[in-house]
Amino acid sequence: MRTITFTHILRETLAAELRRDPSVFLMGEDIGVYGGAFGVTRSLIDEFGATRIRDTPISEQALTGIAIGAAVAGQRPVIEIMFMDFITLAVDQLVNMAAKLHPIYGQSCPLVIRTPPGGGRGYGATHSQSLERLFAGIPGIKIAAPSNAADASGLLQTAIRDNNPVLFLEHKLLYPQRFEVEDELPEPIPFGFAKVAREGDDLTMVAWSHMTWVAQHAAAKLASQGIEAEVIDLRTLSPLDIDTIVESVKRTGRVMILEEGPKTGGFAAEIASQIMENAHDYLEKPVRRLAGADFPMPSAKNLEAACIPSLNDILALARELVQN
Amino acid sequence: METLKAYSLMLTIRFFEEAIERLFLEGRIMGTAHTCIGQEAVAVGVAAALEPRDAMTTTHRGHGHFLARGADAGRAMAELFGRETGYSHGRGGSQMMMDPSIGFYGANGITGGSIPFATGLGLDAQLKGSGRVTVCFFGDGASNQGVFHESLNIAALWKLPVLYVVENNGYAMSTSTSRGLANPHIADRAAAYGIPGVRVDGNDFFAVRDAVASLAADARDGNGPALLECTTYRLSGHSRGDPRVYRTREEEASAWQKDPILRLEAHLKSDGTLTDDAIAETRLAAHAHIDEVVHFAESSPLPKPASLTNDLFAS
Amino acid sequence: MRTITFTHILRETLAAELRRDPSVFLMGEDIGVYGGAFGVTRSLIDEFGATRIRDTPISEQALTGIAIGAAVAGQRPVIEIMFMDFITLAVDQLVNMAAKLHPIYGQSCPLVIRTPPGGGRGYGATHSQSLERLFAGIPGIKIAAPSNAADASGLLQTAIRDNNPVLFLEHKLLYPQRFEVEDELPEPIPFGFAKVAREGDDLTMVAWSHMTWVAQHAAAKLASQGIEAEVIDLRTLSPLDIDTIVESVKRTGRVMILEEGPKTGGFAAEIASQIMENAHDYLEKPVRRLAGADFPMPSAKNLEAACIPSLNDILALARELVQN
Amino acid sequence: METLKAYSLMLTIRFFEEAIERLFLEGRIMGTAHTCIGQEAVAVGVAAALEPRDAMTTTHRGHGHFLARGADAGRAMAELFGRETGYSHGRGGSQMMMDPSIGFYGANGITGGSIPFATGLGLDAQLKGSGRVTVCFFGDGASNQGVFHESLNIAALWKLPVLYVVENNGYAMSTSTSRGLANPHIADRAAAYGIPGVRVDGNDFFAVRDAVASLAADARDGNGPALLECTTYRLSGHSRGDPRVYRTREEEASAWQKDPILRLEAHLKSDGTLTDDAIAETRLAAHAHIDEVVHFAESSPLPKPASLTNDLFAS
């Protein structure tokens, strides 16, 4: 065992995949010498060179489209969109091109889009958004959102080896976090399998990405108060492992879904709907969503904190859910 | 490609497109399509200069490019009929067909949407050292999309083997080039990226072919991309049901005088390659071919909705 | 009373607003002489000229951004995005600029984006999408989706007079439809008020835009079988009139939400979640979503039909919902 | 604007930016910011040539533009501190401030994102016949965004009174212009749109001011937009914590030799406008001003989260 940051295991995993398969290459803004805005690709250029660790001009739309074309021709590009907010510029290429390639034309498009969503760093309204909602409703795009180092590595390997476009979310608060992992990189983790991050029979918390940690802290607190919360870490949003959620909800009868992004129109709604469709009769209480404010992320620390679900919000809702 | 083959291909394209316009009027096909009547010399001129290993992306007005590149006209037509035998099994329609086996990577219905895709094919070719040149077709209107600028800058920066071919047919839907482009000389845009910008008469099969041959050779030699502007005219309406209120019938009549097919025909006659009889025969053969194509398409089975379920993702 | 098409009343309404307020102008691709791809703006250029009925080059991103700048400076631009699929190119400008202007900078941005979503015409995967899901989760953007001529006019007036970005959906199947309306244009219709398009006590159907008609046809059929379905036409998605829905669900206890776009990640999930959050104890059956296939819209007629909820699908689900 | 005022403004900007770098190091402000040290002559040169009715949009590196345009430095600093007295009440931070009352329309943190916005201000001015010219600032990196191309084409086509000012400071983050632009002469891109493309030394206050005065006059006269490239150098890192591994310390040292403030200072000394004492005094005053600014900002109240609830929409 060893400890490693989220950033480092991503880098190790990218390096391993670059070594394994010559058709894998990385492309993005300032990912070469600079190592990316969050340092994930730092030093990779030394081993793999500027051809495979490819800096691009500031042209998100074209760089995404170029990766799509290269992917269809047989490459396995892994692109980095520096902040998830900037993926708005690539929506056309992802929605109208990448997502259509297999279902309409029968072509494979093995493309990974790595990008950091999320607030908590005071970066403001255009550098803090959780925009998985833009793609969760687009058939043809897979979405992975790991919460820890081992999952990040296993899911990234799967993403790179998958023959479809995969959006890979790296919450920016996770980058510097340290995790215990095996010495060797884990095996690829298949998509569509949530992980029960903590077991419990009193209520179910569904989360992904950084919110999983907030949920786990809350669950630990609740445990000290005699409430056993089960925490389900989705790992991938598309495909969604509804079975694991439903299995848990059938036991607990109470469930909350945690989402960092604004509540309205978020992915928690999809999960809530599927829970209702699949486990309605087991619900003791209505499914609850605890999500971000319906407001753009402000930059001031205190305002930002007010827009993201907090530990206290979770504790209060959990207590409400387990009542009578 | 020998000139006779080119001539016959241009006829095939013309009659294919005319058939489509008829089929829409008769209500035998649905949805929409954009025909390239008047622009056949660009499609065939470009295709004539390419090698089998080369690649091509197209636009919403792409039947001509596809046929010139060697598509099976029957499967292309079947796609317009929404049949199982179509290139996309009826899922794509006119604007969404690919056939990588002949280096044809289609379009996606988004004006300009294939420009970065083609650039990515160029990157792939460079990474593999495959010697493949990619031709990226787009229209004068598409050249106003931001992704044109982004893609050309990157292709030039990385010296990708991509030939950007803009078919300047005078209009983007109802918008004439002078109302859509601040500087209507699209080839001038090449200077912004430090690459060659060349303009040719797109109704002249030979001019197109020769320009492409030369620019493609440069690209293949590692000299990077170029921008080729082929001036032509869209003789048909933009898409079906276009009343063409944005231009005069006189303008159209004078454009018909420059019909690229008649022009090549005249050339073949004047240099003795074809007699009037041979011309009539070639035309008849092309017509017969398209009749068969329509028959094949129309009598093909419908796709089965159940087939969709498992096809969302590649395995 | 008179009959009028959806297209015509939109045109009349635009003309009336252009006459009323000199700061209103229209901008889009081929909206002038050509009259727009669906003919909505046809002939307006004769009265208002090319300055106020402004053709643009094919540059969705810039034309949207230009409208935003002009709006902040005091104009009231109404832009047309020819097919809703193309709005993917303007997502950055709408999400990162328009939606932030008031909450972050305190600026008004009176902008209307008219655009046709929807299938049914065999136009294929990039000309048939219902992409309200891209914006329903973005705080700061309002969304109107009328189903009939009177609502289209009233909501469009409100949209144009609103000081915020409003996405205005005109389902392409509605354009040629004829409706009975008053001789005069209706008054502006305030946002956030759904309409009960048909009353009934056995089950509730929630719909918007073209789906409202499919729901009403189904309700008529059901009535002949003794089942009284209430049809709620949302009219606006943001703001969402959850009160009207909840009031109905409390009576019926059974509800289905109809959505043309793919089921997963659609707006029906948001509605379902809010119903659960607000009327859980009144539900006799779990909330059901009847939505499009999780597949890009194919162009072949039979495939396309298979991807959109049909009358029969609704009837079958309605019967299931009212059982026991 | 008289030269002395310009000089003192440049100092204010410099010290404002230096204060920010210090405040980050000391952990007194959070989030991020991009300082414009070395580029003050562009900001002030442009502002000096504009009229009060004119407008301006900026970039992520926009403090200098804002201050040059007449912003209250205290309120700008308060925004960085996330305080209620900030221009955006602490909601926006460094990259998101506007003040239309002085014709300043800010940026939004998206590289290139304000280019169409500025173009829209130009359209508004044309519609109103207000005689307002809008200056649209952006960087060399931003000039690779598609929306640059789209916006300039439209502005040129419609002859909008917009002056596009690209601050070519040699880098987009770590990407030097030669690695980001196929043709690093950004002014050359103007030809694609048939508009004037002018290049000036952006470290020369007078050169910038005069070029802007002339191009703005043209735009005001209805002659349409222009593209002005101001070559300069970002003396600071891209943003806080930039180790600047992408360039050498020697290169930076030689760039410091061209510090626009020292240059203007030398000019003012050599032409007798300022003595060494006066310079020292002006610098001291600017420092004192920034100290006050920081004090004002830091002692301002925090915004109240409850204030957000009702502010999503304009009424």
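General remarks:
Letters A, B, C and D name the chains as they come in the text, with residue numbers starting at 1 for each one.
Methods note: contacts are C-beta pairs under 8 Å (C-beta built on N, C-alpha and C of every residue); 3 or more make two chains touch, one makes a residue touch a chain.
Quick caveat, the model's predicted, so the values are computed rather than measured.
Under the contact definition, chain A and chain D share the contacting chains B, C. With respect to chain B, maximal separation of chain centres occurs for D (centres as means of Cα atoms). As a whole-number value, the distance joining the C-alpha centres of chain B and chain C reads 36 Å. Chain centres here are Cα means. That of chain C falls 40 Å from that of chain D.
Here the CA centre of chain B is 45 Å from the CA centre of chain D.
Residue positions of chain D with contacts to 2 or more other chains are 91-92, 96, 108-110, 113, 144-147, 150, 153-154, 157, 179-181, 308, 311-312. Contact with two or more other chains is made by residues 57, 59, 61-62, 85-86, 88-89, 92, 96, 100, 103-104, 124-126, 139-140, 293-296, 298 of chain A. Contacts between chains leave no pair untouched here, as each chain touches all the others.
Residues of chain B that touch chain A in their complex: 55, 57, 88-89, 91-92, 96-98, 100, 105-106, 108-110, 113-125, 127-128, 146-147, 150-151, 153-154, 157, 308, 311-315. By the touch criterion given at the top, residues 144-150, 152-157, 179-183, 188-189, 191-195 of chain B touch chain D in their complex. Residues of chain C that touch chain A in their complex: 85-86, 88-89, 91-92, 95-96, 99-100, 103-104, 124-126, 129, 131, 133-140, 238, 240, 261-262, 264-270, 272-273, 276-277, 280, 283, 285-289, 293-296, 298. Across the interface of their complex, chain B is touched by residues 25, 51, 56-57, 59, 61-75, 92-93, 96-97, 100, 102-110, 139-140, 142, 163-164 of chain A.
Chain C meets chain B in the complex at residues 29-30, 32-34, 37, 55, 57-59, 61-62, 85-86, 88-89, 121-127, 293-296, 298-303, 305-307.
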